Amino acid sequence: MGDFNTGDTAWVLMATSMVVLMTMGLGFFYGGMVRRKNVVSMISLSFISMVLVSIQWIIIGYTLSFGPSVLGFMGGLKYALLHGISVSQPAPGAENLPHLAFVVFQAAFAAITLAIVTSAVAERAKLSAFLVFGVLWTTLVYDPVAHWVWGGGWLHTWLHHVLGVAPLDFAGGTVVHVTSGFSALALALAIGKRIGYGEYSMVPHNIPLTLIGAALLWFGWFGFNAGSALAANASAANALLTTHAAASAGALAWLLASWLREKPGALGLASGAVAGLVAITPAAGYVDVDSALVIGAVAGVACYAAMLYRVARGLDESLDAWAVHGMGGLWGAIATGIFARRGVGGAAGLIEGNIAQFAAQVVDVAVTLAYSMAVTYVLAKIVDRTLGLRVTQTEEYIGLDVSQHGEEAYAWGG
Amino acid sequence: MGDFNTGDTAWVLMATSMVVLMTMGLGFFYGGMVRRKNVVSMISLSFISMVLVSIQWIIIGYTLSFGPSVLGFMGGLKYALLHGISVSQPAPGAENLPHLAFVVFQAAFAAITLAIVTSAVAERAKLSAFLVFGVLWTTLVYDPVAHWVWGGGWLHTWLHHVLGVAPLDFAGGTVVHVTSGFSALALALAIGKRIGYGEYSMVPHNIPLTLIGAALLWFGWFGFNAGSALAANASAANALLTTHAAASAGALAWLLASWLREKPGALGLASGAVAGLVAITPAAGYVDVDSALVIGAVAGVACYAAMLYRVARGLDESLDAWAVHGMGGLWGAIATGIFARRGVGGAAGLIEGNIAQFAAQVVDVAVTLAYSMAVTYVLAKIVDRTLGLRVTQTEEYIGLDVSQHGEEAYAWGG
Amino acid sequence: MGDFNTGDTAWVLMATSMVVLMTMGLGFFYGGMVRRKNVVSMISLSFISMVLVSIQWIIIGYTLSFGPSVLGFMGGLKYALLHGISVSQPAPGAENLPHLAFVVFQAAFAAITLAIVTSAVAERAKLSAFLVFGVLWTTLVYDPVAHWVWGGGWLHTWLHHVLGVAPLDFAGGTVVHVTSGFSALALALAIGKRIGYGEYSMVPHNIPLTLIGAALLWFGWFGFNAGSALAANASAANALLTTHAAASAGALAWLLASWLREKPGALGLASGAVAGLVAITPAAGYVDVDSALVIGAVAGVACYAAMLYRVARGLDESLDAWAVHGMGGLWGAIATGIFARRGVGGAAGLIEGNIAQFAAQVVDVAVTLAYSMAVTYVLAKIVDRTLGLRVTQTEEYIGLDVSQHGEEAYAWGG
Amino acid sequence: MKKIEAIIRPEKFEQVKRALEENGFIGMTVTEVRGRGEQRGVKLQFRGRTITVDLLTKIKIEIVVPDEDVEKATKIIVENARTGRPGDGRIFIIPVEKSIRIRTGEVLE
Amino acid sequence: MKKIEAIIRPEKFEQVKRALEENGFIGMTVTEVRGRGEQRGVKLQFRGRTITVDLLTKIKIEIVVPDEDVEKATKIIVENARTGRPGDGRIFIIPVEKSIRIRTGEVLE
Amino acid sequence: MKKIEAIIRPEKFEQVKRALEENGFIGMTVTEVRGRGEQRGVKLQFRGRTITVDLLTKIKIEIVVPDEDVEKATKIIVENARTGRPGDGRIFIIPVEKSIRIRTGEVLE
């Protein structure tokens, strides 16, 4: 019991708590951006993602992701229901920590990934179908990808074999953000646009709520990234600093870029910060602070451009998980291959002449992206054909708060 | 100064901060559920509970709870005003921590307990009288119970003597939740229903606000439960995992159970999470994660049923502190006696054949419950006769925000 | 990498995260107090302060504050862009921590200081001009003062030379609060009153939002003050306890003091808590808990009086940064010179007979105050003459959310 | 046709609505308003300044009915909205020259 | 002068507004209201109790126009607010005896 | 009886209310509305799309008064709501056929 490093354990427990809070923060971030009649639904989708995935993770998700590999594709069932993990057992590859601390830290990652995807079904998801879709998605998309990149699966081994280096993903740029962002895109294509999209006004109903969400996201992301050091050490400190730098740069860059076309909104500021946070996620422990400023600033501009592109294309990936998490994650994963410095996290990137690392990042992203989109699209179509992913027209018209939850967000007449 | 374990200290300081935030989170959780005209009042009641009890705790509460026992009933005055506690002194029974860290961690527990009780006086408490009631309640109900269970008081010693085992309460299932929940019931009976209860519509005025509160509660509870390990060790990790598991299971169970009767609301999701969190509180360091799922799920269903029962009985214990904290805490305390595993926290429960532990839990709860209800009821009646616990009819009609605080929550006409 | 103290590092990383959250919390605290048409702007000003100052800090701010001193007035450029700070390097004077952890912890302090100042330009700041003003202010006011008091600058050395003691400022009572509070006063004088000030109703539009901000401030302040121990030790525990005590005492004192003149509002409760938090900031690691109660209570009453005075004088320092942070910081800095106890933090104050310490505190505050006001006023006037600090009358009438950000906080008609 | 504008207590709204419904008056438009009648004088403060807020939340119900139904509808509202205490509200009868159903364009005179 | 009170679907508001504008009807006052017509019966729950909420959000547009413009304005609203499904709303024409511009004090009409 | 509907600037509301009160006009119903008159053209954006919001917040005051008081009340409102700049608002006078006090049921003719 007393053999673990208490400082590292404290930090990972704290980081876990922060990522859990961040997941609900995402609900508020998204919730403020929908119309008033759908805010309860939108927040609930994040909330439910956390609840569902956490239970799934304990029962089957952890072992599928981090259990002993079965042919490199998925983890075996050794840790199903977390059996065989005693309280005093150290985490695999991190003797400083209790295994259970690692399990719950990773649970929070799995949970937020599904929550990010809910952007795609904003204001039209059928609650019952989402429960089913959510469990399937996390089992068939998130768990395998986590296994491939972090759990010793084929992608990691194979790239190491072919290129001599494994892909770097400090805190989930591909596993979490590319996966969720591109899945959101596929899901949006599968479920279709909201009624009246592009025709009716769909301005965000409560910007302060979105900003509360953004604040919690920023805060939680310190746990997400710096916690991924799995220790309270210099790497964690570097990750925290680069995270903060990239978020700031992303926010400022989006603000300024959008100013060229329109008034610079608070939503842009917040979205830019998230873009910077996403992009630094895979890189946080591998790059220095100067690179972090660059990575964040580019992310701010690139994700803003991606959003404009999506809107111009008439795509109703409603709350821009694709533009911000998908494209931001993609950029971040590649940027890690560019800016990684041996002196920071032990791995070199392109600017230090390591082309292999750059190649590994590109392949890593490409595989994750393709797999996520394909499986998500098929899954969504199957759920749609069988259960119906989407509410009826009348239910959508009345709003999901009333039709799915029997609640009104803000009481009237009181 | 340098002799304490820094990791453990960091964790307990952090946990304290989280419990303080959670107390204000409770204010938002409650505040969203009342009518618009009472939200400032409702949030303020939690805020004031924290302020009042923290001061009381420093002056007299800590020593009454944790000071050297006077006949087993209350702590003596040795630590009044925290005198005699030097900065470099270790916590009693926790040499790894500064004594002052333990003091302030426990202060936050005392504070939130009173805040939970404010459910019972929602939308009708007279501010001035609550200040008096609050100080008396924490001194006469919380402090003694904390002393009996945690401070070396008679209940602990006596049960140990009679049954050979002491009651288990990892983080306050009885001390905090049974006490507050059943006190809320007694207080609701003493103060009476709101004008128009059961007749006028009293739907919650701001569900997103309640969900912000729920998010902060969930986050803070990690500090509450895992912090109660008083170290950043394997026990803390287990507690954090079981806490998260039970919260998730509780949320899902309430959602599904309520779905049998009505649309599954976000309030149910949030209440179910809180029910799971309450129920795991006494057990968090003693049970494994499988049991945590069971404990949480049962809590979700049981507390939902308790709420329905309360409503059916026409009891205006307005925000369900009794149904969720009282009944959830009762179930959790007993469940600890059932599911405790020697391999987890050193104590065995019923399923490992330890009937004595089960018996100890039942007696512990019964004593706490009876004491809390009786003293609270008498206290409430005394304050009511002398100062009047309740605002006038006109003040209640206009709303407490204007009548007690001279403020409107949301400005009009701007 | 493994040489730092993990517990201390965990605590400082956590504290940094908390101060970042607190900065956005300040945005909500302020945002709830303005009119509905300016809430996005008000929150954004805090958000932008964080973004801007964090980038400035990395590029130039850190080295100006903590780089090797140039004639005692400013730090040299050694650490510009944080060059020369390797990941494994320990913090100067704190071998237990990574240097980068110290850098980012201090970045958060610089950021919140500018955010506090935005009180003065509430509902009338021109966004573009604020970006310029903000960078200049932090470079010319915050960075030098931080250097003088914390970075080995002249004020510290000179007072030590003259009086034999250096001024005490545990967590920034002068550096953060006196600086920002008095700068806000100067800035308010420079920018002028809001249109209709004293004539139109300007009641706060969303008190729950302000209270959410207050909750985050209280939480974050634990990181601010107890994190300033730069270790998870007994001093941090003492700081956390005194911080909580002073906040509680401040809240209660303001509530009771205001009750003599008007209904005791939740805004008073929150403002009183902030007043207590400000006042204990310089003292947190030097005084015991009894003194903290006194310091907090006096701050609650004094800041309330300062606010009444400001209103009576017709000064539109709109959200009372001066009354609460300026006057609270002033009182706290002096109180540190009164109540400091050798047995707590190694330094004695007036009540232990150390007049020199008291004198050092007074001079420290006087210099900071005078410098801040003078430079801020001149700077504001220069920016106003060149760029215009303030929006046009029409823009102010329509509200800054629409005119500066192109957004409405709460959508209408949805 | 007449428009009946009734300003009533919020807590009486459900009862009035149900009573109208039971008597065949389904269509209605409702608005949250603030009103002042014989009640006055709630004081608010903000940071030292006192602001008088003497307007309490009310519900305004608008129902357009044929002339012959005015009396009946009015009676239902009065009976169900009344508590006998100040603040019960007012009913105003306003002439309506034409009423059009947008869905069909038909004029409902 | 007449006051045209049109109660329409929120999502049609922008279109109606634009159409009115294009036809020279600039001045208007709009309010968010709740209304019930042929649509009914959304149920809400709170903690075990069921509450019927059958009032959906609508926008009320008020435009005061000279008598001769009533027909034209009404037509524009009907055409632009119509979807053909229940819930499209109503238009009421109400007499206005006098209209005053506050800025100048002048009586219009 | 007439209903005076005045649409005024929010920041003038307190002054108008006080002036009415001082002249014995206590009863009133007020609503937050949005209005467009000669002011136009504030633009909003959301994520790349531009939305024109040209409706500013106004306060609508409704006071029902006996015929003989209409002029006096109107004058008070005009004098106190006026700033002389566009956006000051309008007053409409609408006939009221009957006014009923719910508390007593009495008809205030």
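Per-chain residue numbering starts at 1, and chain names A, B, C, D, E and F are given in the order in which the chains are listed.
As a working rule, a contact is a pair of C-beta atoms (placed from the backbone, for glycine too) under 8 Å apart; a residue touches a chain by one contact, two chains touch by 3 or more.
What you see is a predicted model; the values in this text were computed from it and never measured.
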item	value
Interface residue identity across copies subunit A, subunit B - same or different by half	different
Between A-D and C-F, the pair joined by more C-beta contacts	C-F
Whole-Å gap separating subunit A and subunit C, where each centre is the average of the chain's CA atoms	33
Cα-centroid distance, subunit E relative to subunit F, in whole angstrom	17
Between subunit E and subunit A, distance of the C-alpha-averaged centres to the nearest whole Å	44
Subunit D: positions in contact with at least two other chains	13, 30-31, 34, 43-46, 55, 57, 94-95
Subunit B: positions in contact with at least two other chains	5-8, 10-11, 14, 18, 37, 201, 203-204, 206, 212, 216, 232, 262-263, 265, 267, 406-408, 412-414
Footprint of subunit E on subunit D - complex, ascending	1, 3, 26-31, 64, 94-103, 105
Subunit B to subunit D touching residues, read off their complex	37, 196, 199-201, 398, 402-403, 406-408, 412-413
Subunit C residues touching subunit B - in the complex, by the definition given at the top	5-8, 10-11, 14, 18, 35-37, 201, 203-208, 211-212, 214-216, 218-219, 222-223, 226, 231-238, 240-241, 244-245, 247-249, 251-252, 255, 262-267, 269-270, 273, 288-290, 293, 343-344
Touching residues (chain side subunit D, partner subunit B) in the complex	11, 13-14, 34, 42-46, 53, 55-57
Touching residues (chain side subunit E, partner subunit D) in the complex	2, 6-8, 31, 33-38, 40, 55, 58, 60, 74, 77-78, 81-95
